[in-house]
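We call the chains A, B, C and D, going by the order they appear; numbering starts again at 1 in every chain.
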Amino acid sequence: TLQHLFKQIFKASLEIQEDDHRKALLVSRKKHPEDTLVSINNVKVGDGRQRLIAGPCSVESYEQVEAVAKTLKQEGIKFLRGGAFKPRTSPYDFQGLGEEGLKILKDVAKKYDLSVISEIVNPKDIEMALDYVDVIQIGARNMQNFELLKAAGSVDKPVLLKRGLSATIEEFINAAEYIHAGGNGNIMLCERGIRTYEKATRNTLDISAVPILKQETHLPVWVDVTHSTGRRDLLLPTAKAALAIGADGVMAEVHPDPAVALSDSAQQMDIPQFQNFVSSLVESGLYKREEEVVNQK
Amino acid sequence: TLQHLFKQIFKASLEIQEDDHRKALLVSRKKHPEDTLVSINNVKVGDGRQRLIAGPCSVESYEQVEAVAKTLKQEGIKFLRGGAFKPRTSPYDFQGLGEEGLKILKDVAKKYDLSVISEIVNPKDIEMALDYVDVIQIGARNMQNFELLKAAGSVDKPVLLKRGLSATIEEFINAAEYIHAGGNGNIMLCERGIRTYEKATRNTLDISAVPILKQETHLPVWVDVTHSTGRRDLLLPTAKAALAIGADGVMAEVHPDPAVALSDSAQQMDIPQFQNFVSSLVESGLYKREEEVVNQK
Amino acid sequence: TLQHLFKQIFKASLEIQEDDHRKALLVSRKKHPEDTLVSINNVKVGDGRQRLIAGPCSVESYEQVEAVAKTLKQEGIKFLRGGAFKPRTSPYDFQGLGEEGLKILKDVAKKYDLSVISEIVNPKDIEMALDYVDVIQIGARNMQNFELLKAAGSVDKPVLLKRGLSATIEEFINAAEYIHAGGNGNIMLCERGIRTYEKATRNTLDISAVPILKQETHLPVWVDVTHSTGRRDLLLPTAKAALAIGADGVMAEVHPDPAVALSDSAQQMDIPQFQNFVSSLVESGLYKREEEVVNQK
Amino acid sequence: TLQHLFKQIFKASLEIQEDDHRKALLVSRKKHPEDTLVSINNVKVGDGRQRLIAGPCSVESYEQVEAVAKTLKQEGIKFLRGGAFKPRTSPYDFQGLGEEGLKILKDVAKKYDLSVISEIVNPKDIEMALDYVDVIQIGARNMQNFELLKAAGSVDKPVLLKRGLSATIEEFINAAEYIHAGGNGNIMLCERGIRTYEKATRNTLDISAVPILKQETHLPVWVDVTHSTGRRDLLLPTAKAALAIGADGVMAEVHPDPAVALSDSAQQMDIPQFQNFVSSLVESGLYKREEEVVNQK
């Protein structure tokens, strides 16, 4: 029938259009079928080994960062995160130590042979940050701060792009495209929960986003279990889910003394909790320690 | 200071109230710390072994159901699902075979030694269903159909309660309480995705709900990967996540010929796809086949 | 170009399909371009005059209902609402007086020459309700309780169908179609807020739904300002918005003593507040009292 | 009872804390009970007269802007909006004319005695913009671009702050506080729809946000009917709702030839449609033209 014929043409046209559109994106797997490996101080994220990023929500002092870094070193973890520029809902909340915080991260990371990931929030600070960080993080609230994306696209430094608070996957991919279109293809994506009506968790971890992003793009995909759940008791189970579903790694917040943390005090692990978190992941069979650490333990 | 004192009292009061409330619920872990095992024809759901439920969205014919049941038997799966009463958005969509569908399920299940799970949608049909099903399913659209919950609470038959389209976890737990309060404590919960703004998936699988429900209640928790994602290509990765996070089992839809299915044609697996799904879960190390099947394979 | 041609065919096919679908629905304006007037004891809802429905959340006693009814009479309002069967999140909350509550409503309404609107929650109670109510209400939690919709479609009594907690407009229209397809075309729709991430209000009033429902269907459309906002202080402004945007009427809850109400105590108006609510609507020019009342005042 | 006493203390403590918090905010009505009037070239927004802002989504040419400006002048409208820096989902969509676009707006506005409202997206452009615009707009995607808010707070120019795509009202108020805390109290808020599951409209207009923002803050509140609905057929009804509920004004997009617009072609009005929009608002009694225009018509 004519009706049926129309439907067939309709579907065919739809697929052609969608294909064309996706093919056009530099970050799409259609454009570039092989996985992109993002190299950070000789560690290649996306190579099949699943990794961890950890560190305090905010950089508060050299001692605080060092306490965490020492633990990361012992656990064989290579990536240290910490916030120096903090986007906070209220102007009266702690706004971060700024460049001073980046300096602390760099000094500690050098001592413990770690790579630094830290968020930059102003396009004008991207250049400055190159001196301190190994990975520029662009946070959820800035996922569609296109000026910042363009600035990050203009430099030669890996970028960790977090999904916006209520960004669709399509918008997330397009945000990554802003960075790639600017010339910087070293992009990693990070699912960090989306805003829904459910209030049992701070956000709702959209775990399905991981396989979708892996299919649609050729970029490594991380899961931030701290911000997706906002609950310390859910970090371990959601990390297992993230590793099982195929994320390239998991990010979590650790603080030597969460009770006095200047931000996110309710959801950061303390150091023994973090050590237990790593051990539990190892025991579950879903996570493997680096070999040198295995030999020591 | 006075301010501080108030805050302390505030927090203490809050905790007391919340504790009291949760303690009062029959389904809460505070009331009953041990896991509830739901016994279905000698299989004990909740005993630590993770299981699968599978079957077609709608019962269409004896032959269709048998084709699936035969496969389940071969794979060592004990639970056959199929819809006889179908709650459909439009009155002009296929509404299910009704009691005739339940009869088909029962006959096929008997032949292949399986247990039947099927949805009931009208309180007056609960009694009739006892003759046919081993587990009464209450679907997402009826999670707050309190008359149906009360009817299910008045009989002595296991109930699989699915989370509502946009139910909070608290509402979900209270819906289960309606069944328990009626006298029927054989309740299993099923996360099946929630409604959000994201349209890449049919619903958003709220994977964190699994550990929360396990903590807050003593009931077994399933994950329906078919309805949470609505995408055949996401069934395997989300099933892995569900098993890794600690669900008691995974539910998925299988149809001998999805292209001609009377409902959900885009998201059901065909039989070879389902066999591959089970094998892949086994290979991942996250799922174990029943022993008798292992011996044969 | 071929690409362009495809796009044109695509759009044409899409429109044909959508048109066909909507044309098929009995409730759609394409099927029936004229407004449906729903006649309730000689009052014709949908005739251009905007009306009010008011009454307590739950029927608690004859005296309680009478206090409200007397006020309605004085204000020239024709519709008395009150809940006798209450769908409540917890089984331990007040569940309503049941048939006894319907009897109270009928007796009071007769004395004050009002029409009764009350919610029915079990398909088996629809027949019984015919003796007591002038309008059967189907509540938000039951919008996709298709058995209840079918039962309401099988009788000859006006139905007020409330939008589900997180129903799309398309699902809402299809739910109405279930009633019409059963043979009962006397349907009124009621927007009552949808579930979103925003917590400043109990739900988010989707005010745009009113003109969309008026365009897509030929049915009268009400706005329930009490449940959409859950805040007494927002009843008046949202009622103004509802009247300005073209709703056929506004529903609000009134209780002689909200502080001791058995449900919804935080959001019901007391009698002086309700009188002030009506006066303020009249003063705004958006609402007109019935003539007989104007003559007396 | 002890339980009851705790509840009383609990409530009292809660209120004290909330009061204290709100009192602290410079934008809160508790801090400053009188309405703030924002003066823009001698027009005082917030003085009780409800106003319109109109103009094209993107500035495309002098002629295009002039065609709209001429119409605004005839209709007695004082505020011309137009986008020169366009935050677009895809990097391959039209990004705006930049400073050249601002220059066009300024030249046309001068000729027709209008005030210019235009969005700025990079903190470094705020100073430059002072030469061209009368009101700096901060768009939805930048509502939590705190560096941009701080930059806007450091200058002496009115700011129109749009609510974020899925910002809570509390976050919206805190974003305004960033501007005020920087020293600039000339802030106007703009509700523009929030992201929900409903897809009949581009966003869901949260009409209740208007009275809440008027209660909680002392700032003028606008409603952008174009972006909230994304549908030309809903602009008039939602504008009526916005005026009825007490917004200080309504913003809408107008383009001389929407079919060829470089952005938002599906939702802009053409000039005759806009003239009809204004006339219909006047006829509804909800909007009053400026006196000089009334005299001429």
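As a convention for this text, a residue touches a chain if its C-beta (ideal position, glycine included) is under 8 Å from a C-beta of that chain, and two chains touch if they have at least 3 such contacts.
Everything numeric in this text was worked out from a predicted model, so none of it was measured.
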- Query: Can you list every chain that touches chain A and also touches chain B?
  - Reply: C, D
- Compare the two sides of the chain C and chain D interface and say whether they are made mostly of the same residue numbers, over half shared, or of different ones. same
- Quick one: chain B and chain C, Cα centre-to-centre, how many Å? 33
- How many Å are there between the centre of chain B and the centre of chain D, using C-alpha atoms for each centre? 46
- Counting only residues that touch at least 2 other chains, which ones in chain B make the list? 166, 170, 195-197, 199
- Query: In the complex of these two chains, what residues of chain B are touching chain D?
  - Reply: 3, 6-7, 9-10, 12-14, 16-17, 20, 166, 195-197, 199
- Note on the structure: Per the touch rule, the chain C residues reaching chain B in their complex are 24, 87-92, 121-124, 141-142, 144-148, 165-166, 170-171, 174, 177-178, 181-182, 195
- Task: Sort out for me which residues of chain D touch chain C in the complex.
- Result: 166, 168-170, 194, 196-201, 204-212, 215, 228-229, 233-234, 237-238, 240-246, 284-286
